[in-house]
Amino acid sequence: MNALLSLQNISKRFPGVLALDEIDMELRQHEVLGLIGQNGSGKSTLMKIIGGLHQPSAGEMRLRGSPVRFGSPLEAARAGIGLVHQEQSLIGNLTVAENLFIDKPTDFSRFGFYRRGRMNDAARIQLEKVELDIAPDTPVDQLTFAQRQMVELAKVLSLEELVEGHLIVLFDEPTSVLTPTEIQALFRQVRRLKMRSSVVFISHRMDEVLAISDRVYVLSDGRNVAERVKGATDPDELYELMVGRQRAGSVLPRSNPPDKKAPKRLAVRDLTVPGKVEDVTFDVASGEIVGLIGVQGSGAEAVCRAIFGVEDSHSGHIEYEGRPVRVSSPSGAVGLGIGYVPAERKAEAMMKGMSVCQNMTVTFGSDYGYGGLLLSKRRERREAANWVERLKIKTPSLDHRIDQLSGGNQQKAVLSKWLLGRSLRLLVLDHPTRGLDPGARADLFNAIRRLAEEGLSIVFVGDTLDEMVTLSDTILVLRDGRLSQRFDDVQAKRPSEEDIVRAMV
Amino acid sequence: MTPVLARMFPSIRSAGDLLRACGPAIVLVLVFAAVIWIAPGILKWRAINALLFDAAPLLILVIGSTLPVLLGCIDLSAAAMASFSAVVVALLVPEFGSAAVPMVLAGAAGIGAAQGWLIGRLQIPSFVMTLGTLGLFSGLALYLSNASTVGLGPGVAPLDFLGGRTHGVPNAFLAVVAVWIFLSLLLRFTRVGRDIYAFGASELAAYMSGVRRDLIRSCAFAISSICAALGGMMLLSQTLYSAPTMASNLLLPALVGVVAGGTAISGGVGGLSASLIGGLTAVMVRVGATIAGLPGAAQDVAFGIIILVAVAVTTDRTKIGIVK
Amino acid sequence: AAMAQEKPKTIYLAVGTTSSEYWQEVIWGAQQVANSVGAKLEVYESGFDGQKHMQQLGAILAAGCEGCAFAWFPDSTAFTKAFVERAEAGGAVMTTMWNRPEEIHPWDTASDAWIANISFDGVDSGYQNGMALCKAIGGKGGIAVLKGTPDNPPSKQREIGLLKAVSECPGMTILDTQIGNWGQTEGQNITRTWIARYGDQLKGVFAQNDGMALGTVAALREKGLAGKVPVTGSDGSSDVLKLIKSGEMLSSMRISSQLHGAVAAALAYAVASGDLKIGDLAQAQRDFYLVQTLATKDNVDAMLSAQPNPADFSYDALKKNFWARSKGQIPVGVN
Amino acid sequence: MTQAQLHAHDTGAMVSPRRGEAGTQRRSGHTALGVLKSAGPIVSLVAMVLVFASLTPNFVSAANLQAILESAAVPAVVTIGMTFVLVQGSIDLSGEGVASLANILLSILIANSVTAHDLGAGAIVVALAAGLAVGALNGTLYAYLRMPSLIVTLAMWLITLGLAALLFPSRQPQILDGGFVGLALHKHLGLSALVYLAAALALVAFIVERRTKLGRMGFAIGAEEALVRLAGVNVNVYKVGAFAICGCLTGLAGILTAAQIGVGNPLAGEGLLFPGIAACVIGGTLLSGGRGGVLHSLVGVLVLVTLRNGLVQTGANPLLQKAIEGVVIVVAVAASTWHLRRKTRVVK
């Protein structure tokens, strides 16, 4: 087989970090290449190098046998290379059409003036490919999250018309925020694309990777550790190659079921968030893990945010440890011993530019000081170090900048911000595993499980049914903002996934 | 670096970091050296002493203005507040004597806190809010003083103190140092200080971590206002006359001082020592330009160019992702 | 102060800005004095920021300035006392221009250093312009008043003078008073609004300085009213003199700015060099107005053609009698 | 059951309709609510006119409307330029210096009473070029050296003001070029050429803002600069472009001031800056960038000019006018952004 794109000894060094360490890779024509690896193993960096966003520190990249070097995404696009980023990359106040062609060589502007008619016509063709029925001049910030993801897809597909010849399309974790329907639509497109292109596909879900890829590379610590051909491997082997330990039993079973007679930690009565949630009622016992699930937009996220006091308005009664409370701001919630890990880690949970330690101690650091006002840096550092060890947070030091950690480790640091609080009694987790590799996810689940056993109550919104069933003691299913069903004692009598799905629709 | 130093300054990890951290101080030393080279007479204790005395009002404003900037906000009203409180003190002294001073400081704190609180409640940019209060304070200062200078007799103990010297050191400068030490301790060792930096680094993340942002914003703006009022009183103690516009021109030099020290206008990075250095740099540049005998307009040009150079050298671009 | 017999090599002059004709002429006058004694003139500009002048004075004194000669502009009356006291503490001598609080004088405050305060009679300016206006509108009708920065003494004095004129010209009434902050654009915008508001009722405009008067004339021109509605200013700058000549303006109080700078510099130099002793000076020599002339159509040609002769502003020429063109002592309780 | 099968299962689960589907929905500006929201500043303008009209009958006369429009012309030009910078989330404080510099350059180069030059239109070109150059330099320092725009332009303010003072030929040059001064004097339908010029500029700026890459990328940079960079767009070019436009228009404002007064003034820019920024923000342009635009800013200018005019018309205490203006700025901005309030919104 002839290699379309080959990388030889590619290294990438960031200040203080060797992200890629002499990677060799080969992409053939008409193939889908899967790429897996733990958080921080260098997958995105590799994609960005191919896509022209980063330049390698060393090594050579050959396209159809001749060496190439892309100075910008535009140059890469001219060579037929398109990249779907890990994070959404659409610009909210531009139109769909403008976003589609922002990084492409087009002739939609003359003397700096846009020719909107032509651009919108071209955009319509792309939107049809992904079966999206929206006007091309809609500003992107009016789209739903999933619609945007489809626009991202259309954005890369538009290379088909703009560039002659064979394409290379790079997907960096496109599925982590998609629903299964959308994943199927994506896969259909990928299979269609194979006719005239080669695809690199990154995901943390082994089964997805196996379902779509012809070949799989496994990255670890910036090195290429294995290559497997489809059919000659299975998810467990891939997992092992990636994480380096057995998959089975990675999440520990619960040792002591929550005490049903224990006092209620939280009682939510008739919670209504206008336009999102209606009359939701449930209890959380101490030490209980309550999983909330529903399709996107079913209100689970709004319930979490209302409990933490960040919904702009809500009605209903919330009782906390037997007392009626009105939580109207996060500081109020924190005062009650409630913590919240939001889904939007980058924007809402992490103070970029500050150190791991500073991020961990922002909320409860003063508990380790004197009188709640004076700080003791020594004591709080000791406590932070303690949690770094307990959660196995991979960081060079406590003073490393948090945004330079891998996603999973960022998530663990964010989680430990709450765990530092001695007074924390209820932790609300909103999609805490989004973007985490399987190993990190298992670590996180084990940590959560352990904390629940110690008496912390947890409200949890997960990514997949599997997660919910693995972790929850009680599962509440939300449909269109209302509670449609509850499953008790999940760990003892596992509900079938069909049952749960039925309650969701 | 030795482990001890590394512990004390965790953010300094390489020679580049060190250079950048010391950049503002190096700029100050260079400017000072240039001034000494032009006019060796400046090295006399009396001369330095007089300079510090003059610099005190500006320095205290620079220190106060730093807190809103650490949040990523800006307080354009500080200089107007300084004039306003000087006028109000002068008007209140005949009635209340020395008590006028603490009264006005308390009032300034209240007004500053209200300002900070309103920024949060109304959700309008601090630039706009304080532009509005800038107009408000200067208008009120004109109105209350009936647009005239108000003389201040002797015998107002706090102001006499500010205008005096202890062991030859100007008390106004001692006050600056005291405020600087107090606020530095506050920023470094208390929860308020930590929250201010957290707020500056990411307001949303800090809010979601339980930082009481209205409270923090109110604190920062209250401190800024108190410092401004104190600056106004220092000025008053020097001139013994208050005028409704006497400190208005300190707005820009104060901002220059904050930024020239390396405090990022986007918040979260920098501190009071930086501001003190920046403020002293701003003062020394003016002194240098004066002593060098540059014509007035050329002094402004030189000042502008030095600001550009100083900021170009000292801005820590690694910590600010996107510069606005 | 140290009455050093050694002649100062530098004269220090503080000005509000270098961006105006008035101040440029002040500098010119002081420059002639400096040239004639072979001294250097250092000019300090503040942009009307008293703090800036404080720092500059501080820097000069800090570098050592025993017996220095300062001709200083206190940006507002609030700073005057501080300036003269500093000069005294630094062993230097100082004359001041324009701004002095009503209740302090060179003989009662820092009296060893503060030689004199030299100003122009704002009340007289307001009065004469007001009376010219009264005559121009035939003693009857409404006028509007543009004030400078509100806390500035000349602005207040000119208003007092105008009110005196109004009381002597009972048919003339003040329609409105607005603050134009000495600025041209502000004067223009406010006048536009007056024209819209008062229409034909607006018979004249009393602007407290030439800058605002220029703005007023510009606004009147837009409506074809320039020359029909009389406008008065104060300063007597060259462009305003031309407007008076062309009939678009009525009058302006012409002050001799060259003389202002020259006398302030010469007096400072005289004391610093020992030619004059502060103790010998009478009060009328230490706090006085300089003469001024109302520029009107009748005398404007002469004013426009007059070229200042540097020789008239040399130190020796002035030294014959520093007070030759004094209008007399500033009345007590006034500034 | 493998996860792949699971996904196949809940395929059905995920097809339930989502809330807030944009589907066939068009622009927010076309919905009634959208119109009302972006009309906030206009509503405040109308309310202000009504209040003043009820206080003094003269307020709504043709003559006064002309006065308002004439007074709004120069601030409008400044504000249009400023909008391009603010929309990107940066700020330009150098306006007063740049306008002063352009003003003095023009008036010493055009036929005048002080210098011997008479470049005619060439003087306008030189003055505009100076504005453009300073703007481009601002943009370059900001974009390429990554210095905060606030401090770059603050320094440039001092520098340009100093240069204007150095260029000042010791007497205010009276402009003798009749055609140039005529710009402000000759009236069509009661309005001078300056008003038409400002209106035409607003139209051109509006087209640039909506229809060109420079305009659209400005909005994008203000909203999501990191993403725009990620898309490989050369952000710096657009930043420099915006500052150059701002500098050029500010220079133009200085030139127009010269036409209005008929004399050159090295302090011509005084008082242009903060009201200009306030006007943008009152009109609904966010200091944080990404929202607002030229038309918004024009409404803001009208609000401020109308307020000043109205305060004079109604005879408010002149000493308190600044204070009243301050309060109105705060109230107007709060009112025009009230609908954006969210607990999780960040406004700095």
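By letter and in written order, the chains are A, B, C and D; residue numbering begins at 1 in each of them.
Just so we're on the same page, a contact is a pair of C-beta atoms (placed from the backbone, for glycine too) under 8 Å apart; a residue touches a chain by one contact, two chains touch by 3 or more.
Everything numeric here is computed off the predicted structure, so don't read it as measured data.
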Separation of chain C from chain B in steps, with touching chains one step apart: 1
Most remote chain, CA-based centroid, reference being chain A: C
Result of counting contacting C-beta pairs for C-D and A-D, higher pair: A-D
Chain A and chain C: spacing of chain centres that average the CA atoms, whole Å: 72
Whole-Å gap separating chain A and chain D, where each centre is the average of the chain's CA atoms: 40
Rounded Å distance between chain C and chain D, as computed from the means of their C-alpha atoms: 37
Centre distance in Å when chain A and chain B are each reduced to the mean of their C-alpha atoms: 43
For chain C, residues contacting two or more additional chains: 17-19, 45, 150
Multi-partner residues of chain A (each touching 2 or more other chains): 310, 329, 348
Touching two or more other chains - residue numbers and ranges from chain D: 164-165, 319, 321, 343-344
Complete list of chain pairs which touch one another: A-B, A-D, B-C, B-D, C-D
Chain C-touching residues of chain D, taken from the complex the two chains share: 56, 58, 61, 63-64, 66-67, 70-71, 74, 113, 164-165, 168, 170-172, 174, 184-185, 187, 192, 257, 260-263, 265-268, 270-271, 308-309, 312-313, 315, 318-319, 321
Complex interface listing, chain A residues touching chain B: 16, 310, 329-331, 333-335, 340, 342, 347-355, 357-358, 361-363, 365-366, 369, 372-375, 398-399, 417
In the complex, chain B residues that touch chain A: 10-11, 13, 189-192, 194-195, 197-198, 201-202, 204-212, 268-269, 319-321
Chain D-facing residues of chain A, complex: 52-53, 72-74, 77, 85, 89-94, 98, 102-103, 109, 112-114, 116, 133-135, 137-139, 142-144, 146-147, 179-184, 205, 207-208, 210-211, 235, 275-276, 295-297, 310-312, 329, 348, 464-466, 479-480, 497-498, 501, 504-505
Chain D residues touching chain A - in the complex, by the definition given at the top: 1-4, 6-16, 18-28, 211-214, 216, 219-220, 222-224, 227-228, 230-233, 290-291, 342-344
